[in-house]
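Each chain carries a letter (A, B and C) given by its place in the written order, and its residues are counted from 1.
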């Protein structure tokens, strides 16, 4: 924006100039407000969010140290429950916890050493295969990785 | 040494400033249309900024695209805003580009010596549709997937090259993840590169030749001897431009808050197409016209009945400055043809919008 | 007889007269009657017995072709000559059981047939006579997919059933049940007639054993029920466990409304305000209503947020948990006691509340966005107003 040329003199500023100054000042304030309301969201957008990645492909399943052998834990994964279990020998395995019969959430039964669905007595072995009862298909397996003390589940590559 | 002097030794700042200060914009009955070009440019700049921001979080693969857009909309601060603005601004840009194009046709701004301005602008216009088409697929949702499938089918009706064209566009026989990656590369790299060159040419030529004046104004000047009044580009025109741009910004923000852009469901390659799949509004007229075409015509696909006239029309547009002898009669013909085209497109669009899913 | 032709004609008339009473013995509803009329030889080509090398004479041991039908009471013992012979069956199909005839004899059908009643089912009525297929072949009348239609041939026949003093409802009732619906959806684990009434030992499970039959799939409910205070009472009253509330054939989706002290709730059939158990019923009803209400509220809020453009996957996940707890709570009703019902109900309510909170948060975020927009719009309007004035004040050109 160029300034119009005005007569410079040592007299008091003509009233028009004073009005233009106020106007310019106001314009600056409002303009700065508009610019701020554009720049602020952009800056916030640029800063990495708390959850750095989308959780439908890889999710944390809690601490490895607090998952004892012969026990299991249910965690949310991509909008559905997943079950991560530690076998008696220490190995970690994870599956979708959605029963393939009528979609109830399954659980680990240490007395049976199997994954079990309470709704209609469906049984899965520890490789996720449906071995008894109504379920028509095995449970979908997930990849398990441990980084530090944290367990990570991801969909099978 | 003052910064200004230092810079001016190296970059012709003073010359540029002088040129800008001397630039003036004619004022006449139709000078309001002069703002449309700048408005289109504004929306384009918004696209560049929001698109660049989205690039920081978007992932262009079939298995991650949808999730990354969902991530942007839910977890990234103001991600919902950036994405919605990007989607709305795309539509508004195409609308503004249409208006800009037709206003140039009606005011005959394509005449000598502005033929290359016209050509570069028209090419950018076509590229804008390519931007819209390629960008639409990127969220990899149901709607986009099927709309792309329908859209990439259309060139298949061209005899001979049709199938190769479809294969080339899709990166394969069907719309798959390969299509997504291809469209992504086109959308964020290839088209922006081409547009930069064309747009820069277009803008520089506009500066060089100044704003064109419609024939009616030229006649008035010749008749009365009064020259066309003008306003200085800076500050008169620029401030008005700024006004329009700020208003457009408010519109974009409002639409994002009250009419957020949907995400829908993730594309499933094996699901059947839901009923009533339609392309975006700016393709609707062609989509609807194709529906009325007969199945076959003299052994060739009936859709050619639409594609050929449309292609010829596009060609005629490109060659407009060269085929218009610039007489009052020819100019009237062009205005009538433009009006007919507008009516046709509007009617087709309206029919498409009220049509029940077939 | 004067002419050769006349002699042959007479021969045919005599043969027809002889065949008629034999044909009349065959019950009209038996598939074998129709099969006998339409070229059994052609049908036998597809028969599983033909593949094993058997011929017409293997079963029609007396007479010459064209064979008459085998007497109905003789059919089962005839089949048993091979199908109860373990050594023989081991050679032709070791996978098949060899005790079907034994089982059949313990069944109502078998007992009556042995006593000479020919209007009950025997082997060929369910398996076909010529063109018999293995049960796993979906074209066999004895295949699980077709069992209900096969049984219904007799058990839906009003005249036939009333002759035995029975209802003709069961097949129709089963067809209206959730089990039939599941079956038709393709869930082959759903029970059909032969699942609860064994295929060859077709008897209604005794009232004492209905619970055990249902328990094959509905383990948790049966477990809870057998440990509940209801079991000894039902045994005393001679009521059949599950069947009392859920019916045996026309099993519908149970509803929370079963549990209340006012008619037409199921509990109210026996219970009233004064009887023992009234407190439990009241607290269960309240618990179920609370839980369902909480889930409905949460679902409504999440829907509203979604319609307004917010993505609420987190909330939906928690709501899914709440629905799981609701399933478990409804399951725990069968303990007919305060615990463990109250525990899962409380968890469900908590989950529903969390889901609702997430939905409310999304709506709050929406309000925050619109407030932010209002602020930005205010700034823009201020700017535009000032700019307008500035433009107006620019010197005329």
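Heads up, the rule we're going with is that contacts are C-beta pairs under 8 Å (C-beta built on N, C-alpha and C of every residue); 3 or more make two chains touch, one makes a residue touch a chain.
Note that the structure is a prediction, hence the values are computed from the model and not measured.
When every chain is reduced to the mean of its C-alpha atoms, the one closest to the centre of the whole protein set is A. When every chain is reduced to the mean of its CA atoms, the largest separation from chain C belongs to B. Rounded to a whole number, the gap between the C-alpha centres of chain A and chain C is 41 angstrom.
Centroids of chain A and chain B (each the mean of its C-alpha atoms) stand 35 Å apart. Chain geometry summary: the mean Cα position of chain B and that of chain C are 59 Å apart. Shown for chain A are the residues that touch two or more other chains, namely 34. Residue positions of chain B with contacts to 2 or more other chains are 70, 81, 235, 239, 246, 249.
For chain C, the set of residues touching two or more other chains reads 313, 376, 380, 383, 387, 390.
If you check the complex, the residues on chain B that touch chain C are 27, 70, 73-74, 80-81, 229-232, 235-236, 239-240, 242-243, 246-247, 249-250, 253-254, 257-260, 262-263. On chain C, the positions that touch chain A within their shared complex are 187-190, 216-220, 313, 316-317, 320-321, 324, 327-328, 331, 375-376, 379-380, 382-383, 386-387, 389-390, 393, 395. Here chain A touches chain B in the complex through residues 1-2, 34, 38, 41-42, 44-47, 49-51, 53-54, 56-57, going by the rule given at the top. Touching chain B in their complex are the following residues of chain C: 308-309, 311, 313, 369-370, 372-373, 376-377, 380-381, 383-384, 387-388, 390-391, 394, 397.
Taken in their complex, chain B has these residues touching chain A: 21, 49, 53, 56, 63-64, 67-68, 70-71, 75-79, 81-82, 234-235, 238-239, 246, 249.
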